[in-house]
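Some structures to go through are shown next.
Both of the next two complexes hold chain A, though its partner changes from chain B to chain C.
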Partner chain A sequence: MIAVENLTKYYGTLPAIQGVSFRVEKGEILGFLGPNGAGKTTTMRILTGFMPATSGTATVAGYDVFKDSLEVRKRIGYLPENVPIYNDMEVSAYLNFVTEVKGVPKKLRKEKIQQVIKNCGLESVSNRMIKNLSKGYRQRVGLAQALVNDPEVLILDEPTMGLDPKQITEIRHLIKELATEKTIILSSHILPEVSMICQRVVIINQGKVVAEDTTENLTSRSQTSRRILLQVDGPSEVVLKILREVNGVNRVQRKDQVTGNIFNYEVEASKDRDVRRDLAHAIVQSGNGLLELRPVEVSLEDVFVKLVTEEEG
Partner chain B sequence: MRNIFYLFKKELRSYFYSPIAYVVLFIFLVITGYFFSAIVTFYSMISFQAMQQPAAAANLNITEGVVNPLFSNMAVIILLMMPILTMRLFSEEKRLGTFELLMTYPIRDIEVVLGKFLACVTVFAIMLALSLVYPILIAWVGRPDIKPFISAYLGIFLMGSAFISLGILISTLTENQIIAAVASFGVLIIFWVIGFSAENTGPTLGSVLRHLSIIEHFQNFAKGIVDTKDLIYYLNFTLFFLFLTLRSLESNKWRG
Partner chain C sequence: MIFGGGENIKLMDFNTVTTIAHQELKINIRAKWTLVFAGGFGIIALAISYFGLVTAGFVGFQGFTRTSASLLNLVLYLIPVVSLMMGTLSFTGEKSANELLFSQPVTRSEILLGKILGLFLSITTATFIGFGLAGFVIAVQVGTEGLTRFLAFVGLGLLLALVFLSLSAMVAILSGKKAKAFGFSLFLWFFFVLLYDLLVIGLTFVFKERTANIFIFLSLFGNPVDMVRVSSLILLNGTTIFGAAGAALVKFLGGQMASSLLLISALGVWVATPLLISDRVLRKQDI
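Coming up: the complex of A and B.
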């Protein structure tokens, strides 16, 4: 649905993005992840036809974003990052204007507006002036204007920025629901968000793609060993010795003390071997108390930080 | 083409949501009202003297005595006010970032430009329409020839539209409304006074300068003469600056 190839954009002599390539299939949600200034907004602006790339190509639904800009713009809904919407209009009048310029047939307008007002939870503010709305409601109006003509493709630049936790969950839910019929690109620096909503992630740093994969693959790929956390009640010297003797364990580390004889331990074991059963067995056999045993998940956050710092190093 | 109308509607609505349109309308009416009463008072005084000395009455006519001075003054007020109406058209959208969103809707640049231009011209036309009370007052009191009023209104409408097209171009060049207004004002003044130096230059250059001068072409209208040469000048001026506005929007994209 969206194909980006070797996209490069210079602002003056400063490269904002360099050789960015990725694809998004129909019905997929792609997370576009990167720290501040990575080039997320720049890429999205090129995709929406707001500005041309210095070199490289991008197509949406088979149309070139620069040459067939009008065809592309008919098919996308865009939410820019700081939600630039007209302050001096009422919400419903604004949405009506958007349906007009997006070419929604006259007899469908009312229905579409009502639907989007309901979906974005705007019923209570539909007659208010936009300038009097709270940040969260502004954000919803921004999302509503992107959605109102049912576009095939959604390009959302940090759609949950500035929302309270409850609204964040609601908007994420809404985006996920939409994904069944739409193709979505969503940028964010919030990692849990991306891992929650998106099937695939493109990580971009300093204008270059540093990783592109499914969320699961990304987390497992950067995992070279399996880490397990244990909490054991018993003399720590003894416990350490027992743990080290278990087959497959590479390293054991005593972490923080909980109380008295209770300590946390971190065990590193080889990736291809599940040692949890053996660890539990060994501790229980020795007569010490096993209070907790759980694998430590490598989060997308760790992957992100690792990739970004590797790139810089 | 329908998009022009949608943008026109939105733009006109925001003119009347903000106080700008009301302030400009009000001040315009007050000042033209003042000029009107001063000019008419003077004219009736002269007419009264002419009644006593029939010889002087031959020089008396309403075009020279009322229409010309009234509309020449009106032209100056319009020169001062059009930049206030045009300054926000693109500058504000750029500053607020709404320009970005507007440009990603499936509309053509030309539709945006024409929608905004027509909205501004409409506010201006409303201004002129309200000022019609003054000629109507004259028509009610006496029985003057209304043809010079019609030509003067046509002239001032064309001239104002030309001012607007230039103001729109300048508002695409900056995010700052004040700069847009001051720069438009400055450029308009240059087009206004360019004919003044015609006397000091050679005959060819002088006539070129006089031809370029935006007020020179208004003189005929204010005298009750509609010359196609003047009509064409204002239409060309307007189209040229609307065209430059389109170009400016395009080059904006490349500048990023």
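Coming up: the complex of A and C.
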């Protein structure tokens, strides 16, 4: 549905993105991650026709973004970082204007507007002036304008920014629902959000794609060792010695003290060996109290920080 | 009209243009700019009509021709600054509102033309409400003699507004940033309304009489404010009071009608040129 090949954009002599390539299949939600200034917004703005690329190609639904920009924009709903709104308008009048500019046939406008007002939870504010709405509601209005003509592709730049936890859950749910029939690119700084919503992730740093895969593959690839967290009640020097003697353990680190003799420990073991049973056995047999034992999962955040730090290093 | 560039060649859709224009008008009315200017125009027109002859010891409403003549200088000061400010504000205003338009399936030429048309309609509305109310009071008090001239005078004022809206769009698009655009707009106002005539008069001292006359004649076309001033005075039969440039023009063209047509056509060029430049730049610009 979306194919980006070797996209490069220079602002004067400064490269904003260089050789960016990725694909998004129909019905897929792609997470677009990167630190500030990495080139996420530039890529999104090229896809939505705000600016041409210096070189490279991009197609949306088979249409060339540069040659058939209008055809592409007919098929895209875009929610930019600054929510595109007119402050001095009521929500429903604003959405009516958007349907007119998007070329929605007159007889369908009312129905489309009512549908999107319902989907985005705007019923209670549909007759209020946009300037009097909270940030969360403005964000919903922005999402509503992107959805109002039922586009095939949605490009959402930080869609849950400024929303309260309840609204965030609702919007995430809505995005997931939409993905059954739409293709979505979503940029976000909230990495757990990307893990939750997106099937695949593109990580961009300093204008270049540094990783592209499913969240599961990214986290498992990034895991070079197995980490286990333990909470043990016992003299810490003794506990450390016992843990280090377990076969397969590479490193043991005492973390924070919980209370008295109770400490947290982090054990690092080989990736191909599960030492949890041996660790539990060793502690229990030594007569110390094993209060907790759990594996430490590598999060998307860990992968992201690792990739971005490696690049900068 | 065919527009190309980065947006593929496409016939301009005038429904889209009118939708954007209607939206721009609505925004300006909601933001109360239009009403403020309407009120301002109305009060000024009434005040000038009523107190216009106070120095001659007469207080009371004058007829349409005299009111137009008295209003002329004020219109020449006010219309350019109002148009420049409204245009600059619209083209560099709320970033998010502009982003909304640029991400829609509409060409940049349609956006430009729609916004200019909407702004022009806003100023036209303000002018008609303001001068219309004043005109109504004058008609009731003094009668309708000279009404056609007054209407033509208002028309020339609107043409001047269109020129400066077109210039404001060009300045905003070329400057990119709000503060810079406002700075340039204010400079343009200062240049055309105050500085230009001083420069021309200064330069005439450099030339011999015959060259100076031609220079003054040609200089008229370099300033839309002067063109409207001269056209208005021709319209109001004030040829004897508007000096060498106008007299030379009427003589050169052999009549008032021809002079008016030439000046109005030249004003048309002043509307079209900045718009074409804006369109060309906007179509290639990164947003």
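Just so it is clear, the second predicted complex is superposed on the first by the 313 of 313 C-alpha atoms of A that agree within 3 Å, B and C clash if a C-alpha of one lies under 4 Å from a C-alpha of the other, contacts with A are read in each partner's own complex, and residues count from 1 in each chain.
Definition applied: contacts are C-beta pairs under 8 Å (C-beta built on N, C-alpha and C of every residue); 3 or more make two chains touch, one makes a residue touch a chain.
From a predicted model like this one, the values you see are computed outputs, not experimental measurements.
When both complexes are superposed on chain A, chain B and chain C end up clashing with one another. In the superposed model, A:Lys67 makes contact with chain C only, not with chain B. By the touch criterion defined above, A:Lys40 lies against neither chain B nor chain C after alignment on the C-alpha atoms of chain A.
Judged by the touch definition given at the top, the superposed model places A:Gly49 against both chain B and chain C. Contacts of A:Arg140 after superposition: neither chain B nor chain C is touched.
In the superposition on chain A, A:Arg109 makes contact with neither chain B nor chain C. Within chain A, the residues touching chain B in one complex and chain C in the other are 11, 45, 48-52, 70, 73-74, 76, 78, 80, 82, 84-89, 97-98, 100-103, 145. Here chain B touches chain A in the complex through residues 2-3, 6-7, 9-10, 13-14, 17-18, 96-101, 103-108, 253-254, 256, going by the rule given at the top.
The touching residues of chain C, counted against chain A in their complex, run 6-8, 10, 16, 19-20, 23, 26-27, 30-31, 94-97, 99-107, 285-287. Contact residues of chain A toward chain C in the complex are 11, 45, 48-52, 66-71, 73-74, 76, 78, 80, 82-89, 97-98, 100-103, 145. By the touch criterion given at the top, residues 9, 11, 45, 48-52, 70, 73-74, 76, 78, 80, 82, 84-89, 93, 97-98, 100-103, 145 of chain A touch chain B in their complex.
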